[in-house]
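There are structures below to look over.
Next come two complexes, and both contain subunit A; in the first it sits with subunit B, in the second with subunit C.
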Partner chain A sequence: MARLRPESRDAAILLSPFFVFLAVFMIYPLIASFYFTLNDLALSDLNPIFIGIGNYIELLSDKLFQQALLQTLAYLTFHTAVGVPLGLAIALLFNEEFRGRGFARACLLVPWATPPIVAALLMYILLNSGFGPVLYGLNMAGLLPPRFTIFGNPNLALLGLAFVSLWKSSPLFAFIFLSGLQNLPSEVVESARVYGASSVAIFRRITLPFLKPVLAVNCILSGILALSGTQAFDIVIGITNGGPGFRTFMLYFLAWNTAFPWNRLGYGSTIAYVVTIIAVIFAMVLLRIWYRRK
Partner chain B sequence: MTDDISTGKMKNLSEQKGTDRRRFLKYGAGVVVVAAAAAAGYYALTPPPAPPTPTPTTTAPPPVTPTTTAPPPAAPTTLNFYTTGHMGFMYDVGRLGWKPVERYMAANPNIKINTLVDSYFDVYTKEGTTFAAGTYAWDVAYVWGAILAEYAKYFTPLDEMGVTLPPERIDDIVPYSRNAISYKGHFYGLPRMLEMFTLLANADVLDAKGIPFPTTYEEFLEACEEVNDPKNDLYAFEVGLKAGYLTPPYLCFLHGNGGSLWKDDSMQTVIPDSKESIRAVEDMVYVFENYMDPSAIEKIAFVEASTDWYNGHMVFGMFYSWPTMAVTDPGSKVKRVYNWIWPGKKGVVRSGSQAACEGYAIPRTAKYKKEAWDFIQYLSSREVQVQDTLGMFWKQENEEPIPSHWSYMTDDRLKAYPYNIIMRAQLATLKYKANRYERPMYHSYVGIIEPEIVNALTRAKTPADAMKDAREACDKILEDEYAKFGGGYYDPWPDMQKYASRVDDLINAIPVEDQYKFPF
Partner chain C sequence: MAYRKRSLSRRIAVYVCVLLVLGFILSPYILGIVTSFETEVELVRRPPFPFKPITPVLDNYIYILSYKPFALAFIDSALVAVATTCFVMIAGSMGAFAIAHLRFRGRNFLFNFVVVVYMLPALAMLIPIVVLLKELTLLDTIIGMVFAHSILLLPLMTWFLVGIFEGVPPDILEAMQLDGTSRLKSLFREVIPLSRFGFFLILVFSFVTSWNDLMFANTVGIVQVKLLQPRILEFMSGARVLFTQMAAAGILSSLPVVALAIVLQKQIIAGIMKGAIK
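Coming up: the complex of A and B.
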């Protein structure tokens, strides 16, 4: 067996705690949960019954899974289509010099720094139809009927959750765009201005193409946050708990709800696995599209 | 072949690595020294262990020389007591400051109770994952019928501990409450409480309009029509309709229609699509659309609807009786209440309700089972349960119920205003069907039924379609449940009917205030 070079051996020793952590908290659960997907398993009775791909077959005809998938895709689309451009707009604004920009940038970090469950509970209180000040104020201003409900309305609940998520995510997108904008060569922009290009033309022909890799990163990030991040889960559980009806059941929440409240650990793990595969495929497809264009 | 630059780099790298290695070893040694110093300090400050007990010998012991030094006290046994947030009284919260846990520890200096609290809505998943982990967590744990049915194998049956409840003790426990602490003939603990869904009404509003307290569902709808005034932010009826605690009100509507959620067959098939159930959901839709605050769909149980009760924005409410205690709060807009049974459909049934019963049991992983059992008996004792009722407060941070034993309900202290109103209403419901249908996969069933009811309430589906879809999903759960648990779950309703005359005697023993009329 070839001996490790001294530098590789040192690296291995220094990195070993991390590898142990990775093995125990990521690789082992990944393997174990895959094993769960092949079994009928519940917390109330930890004797697994091997059923092969039975859980995966059940998933194909599961109407609730299909509903959750569509709802997740709608949420993801809205989250990306609105959140990413919003982040770009914020970044463009904060890229300009103005008084108090530093303070404003710091304030922008607050939503992102707020833990997702705290953000969810905060919005639950602010936007509550019974005691929330926001809807009450809008009602007083004559803009909404009394006792108007967002999270109790099946047509608005998902939109309401997306808004909460956007409040939280847009600063992150903005900062990523901002770092891209900081690297934009100013002489190119200056030259374009000298040649009489309008701001819109500069944005379309110089800024946007330059930001394409950053745009790709933000779109992937948005997709991951919407599909499978703790943010999507915390916001659902903190505000609607999947309701009204099943109208805010999203895939990640469905996986947890199936595994724990509905006590089907095997089937819940199956959903989680499928969600992960969907997220990976989503990222790969997006990257392929971007880099093919490049 | 070597390149000057590359050789220079290699040389530098090797020197650099040598420096890095030395630095690493130096810092590592520093960490070890600091850790060793910390450990030494810890052991220096920790008191030494007690000396070992001497091994008995066959020779006669030497004469004991009296000393003036007292032996050191034995270290107290710490019991981990897991309970829920709404049982505030049980962990020393309550407006009367009676503090049962503190009293127990004062009376038992060798016992220390370490109380751990979780929200009711988190207990099911918390207990499931904790028990599945198989490690010690609690000596005394909160249970109710559905949790015990599903996780019975993780709890210690009393007979395994050599404890047999005498028949008179079992008879004294209200049958609905027996469900909280027994499963398939085995007892696992004792009940802590009992409470029933009732109809509450703002008496001043009804009396001002000359509306009698409804005795049928039809009268209830007429009364709602009379008092409903949404333009002035006054709603005839309110109950939280958010999924999560929607089963209790649904069961009142179901039982009020003469229905049952399970069939009397070997599997006890769950039938959310029975005609009574569909009618119940249709009734809920009608009441929601015509007499309720639209935001009720966002509110869970009465805990979030209670603000409107307190502020006088609702006339009728449906919940356990404790919100009637709002009359004792000077800030409340509710000054007089009527509290009586939920009215059933005319010609079908007088009433129907829903029973909530909770208790405490001993997990298999408990360290101190005997001490745990002593503590559970204390929590289930007459004095603790009566004090729990007396500590009733309108705010939902403490959910004070009525006692779970027939003999405790005769306590004279419960006959005084305002408790007598609550006791009479709660007792009256015991004569009518209030099954909670506790069974192993209860949480899975209601996890489907409740969202489908919400689908009907929000007109996403018709009640018939929603309940048909619920039935389809419930049948799949039933198969799984029957295979794992075998059916035969306790139905307390037949036993409850045997106590009807005892209930009448208890009601008649409690005086009525002149200004409050309670129609039978």
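Coming up: the complex of A and C.
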């Protein structure tokens, strides 16, 4: 047997902890997870019953799954279409000269660092109809009827959750945009200004094209967060727990509930696989739009 | 004259907008802190806080800090977050060093594979992991929890570290190689100190992710290991804890991570600039 080159041998040694972990705790589970989707399996007895594509067929007629799918897409769209531009706007604002800029920038990291369940708790207090000041203030100003609730209202609960996740993500997007803006060549902007370019033109012709890669990072990040991140689970379970009347169930939350509290690991894995497929499609569509515009 | 005037109104507009953004970001915390110093009777008496004065009391903090399940969860969470961070940093930087600076077959494949694994929803892995941990009798133990949290972190952190380590000039490493220094030694003596800003970023990110995680913690920990975030969820879903006490618990549990993020803000920016996000 040929001896390994020392470099490959060293690489093998260095990579071994990483690779053993990857194999045992990630690759094996990914394969097992696919096998689960072909089975009926409960955590209580761990005795798989092979049912072929039975779980996938059940998806097609599952009303709750369809509702969760639509709600997921709405949430994802809102989170990206509102959150990312808001982040960009905040970044441009915090790139201006003003007193206390360092403090303001540091504040951008606060929502990101906040545990999502604590974010849910704080927002629940803020937007509560009983002792929260926001609804009380709007009521006093005559804009809302008394006893108006957000999270208890079937038509508003999802939007309320989206607002909470906006609080959590858009400052993070702003922070990432801001670090991208640090590399913007200021000579180019200055000379454009000297030649009389308007702020809007500078933004459209110089700043935005320059920020394109950062914009891509933020859009993908937004997709991951809203689809299968803390925004799709922690905030939901903390504030509405899927209610009222399943109106805030999203796929990720549905998959977890199906697998664990409802004890159907096979069907839960199947829904998690659908989330995976949506994640891949989202990333591909985004990259496609990207390269066409280039 | 006209220019000055425009710039003055512009400056006022900037300050107004900054205040609005800061209000949006900080108002949940301000209200949460106020609530944590109120009594329950005071809290439900209308009108709510900014429309009435409050007299602060420390009762909620005293109660929650002496409430054993909370204190235990706080310690366990710290233990798990520190252990996870250490494991991810050691395994991740060894692997990233090999990917960034050594030539071997399958190097590019491995690098791309790591990214793809990260893109997959963690829940797809969590379901079989729970089964695996149950079979290894690691379910509901600290070690099982550290492994579970490492799943969330190891691929992404390794990927970041590859980008950071690529910034270290290879000549230094070649020189050390010629001196007969082992790879492991040059990793810890040279590569990590030279890329400390990026390393800081990864460190903070790992700790915050582990500390903040709810889904894995709530599924892998059942009775024996109840971490902080699941404990807060338990409070929120109607255990015998008052709202004001819950607010105190929430403020306490976000204190370590928020403080860490603010204190290390400069290092985090430097880390991002040094190419952690490309």
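As a working rule, the second predicted complex is superposed on the first by the 277 of 294 C-alpha atoms of A that agree within 3 Å, B and C clash if a C-alpha of one lies under 4 Å from a C-alpha of the other, contacts with A are read in each partner's own complex, and residues count from 1 in each chain.
We adopt the following convention: a contact is a pair of C-beta atoms (placed from the backbone, for glycine too) under 8 Å apart; a residue touches a chain by one contact, two chains touch by 3 or more.
This one's a predicted model, so the numbers in the text were calculated from it and none came from an experiment.
The wider contact with subunit A, measured as residues touched, comes from C rather than the other of subunit B and subunit C. In the superposed model, A:F94 lies in contact with subunit C only, and not with subunit B. Contacts of A:D10 after superposition: both subunit B and subunit C are touched. Of the two partner chains, subunit B is the only one that A:N153 touches; subunit C does not reach it. When both complexes are overlaid on chain A, the residue A:L46 reaches subunit B and subunit C alike.
By the touch criterion defined above, A:G243 reaches subunit B but does not reach subunit C. Of the two partner chains placed by superposition, subunit B and subunit C are both touched by A:F131. Judged by the touch definition given at the top, the superposed model places A:F260 against both subunit B and subunit C. Residues 7, 10, 14, 43, 46, 130-131, 241, 260 of subunit A contact both subunit B in one complex and subunit C in the other.
The touching residues of subunit B, when paired with subunit A in their complex, are 13, 17, 20-21, 24, 124-125, 128-129, 131-132, 150-151, 153, 230, 233, 242-244, 293-299, 304, 307-308, 440-441, 443-444, 447, 451-452, 454-455, 457-458, 460-461, 480, 484. Within the complex, the subunit C residues that touch subunit A are 11, 14-15, 17-18, 21-22, 24-29, 31-32, 35, 43-44, 46-51, 90-92, 94-95, 97-99, 102-105, 107, 110, 117, 119-132, 134-135, 147, 150-151, 154-155, 158, 183-184, 187, 208, 211-215, 219, 228-229, 232-233, 236-237, 243, 246-247, 250-251, 253-254, 257-258, 260-262, 265, 268-269, 272-273, 277-278. On the side of subunit A, the complex with subunit B involves touching residues 6-7, 10, 14, 40, 42-46, 128-131, 146-149, 151-154, 241-247, 257, 260-264.
Listing the residues of subunit A that touch subunit C in their complex gives 7-8, 10-15, 17-19, 21-22, 24-26, 28-30, 32-33, 36, 43, 46, 90, 93-94, 96, 98, 100, 104-126, 130-133, 136-137, 140, 167, 171, 176, 179, 182-183, 213-214, 217, 224, 227-228, 230, 233-234, 237-238, 241, 252, 255-256, 259-260, 265, 268-269, 272-273, 275-276, 279-280, 283.
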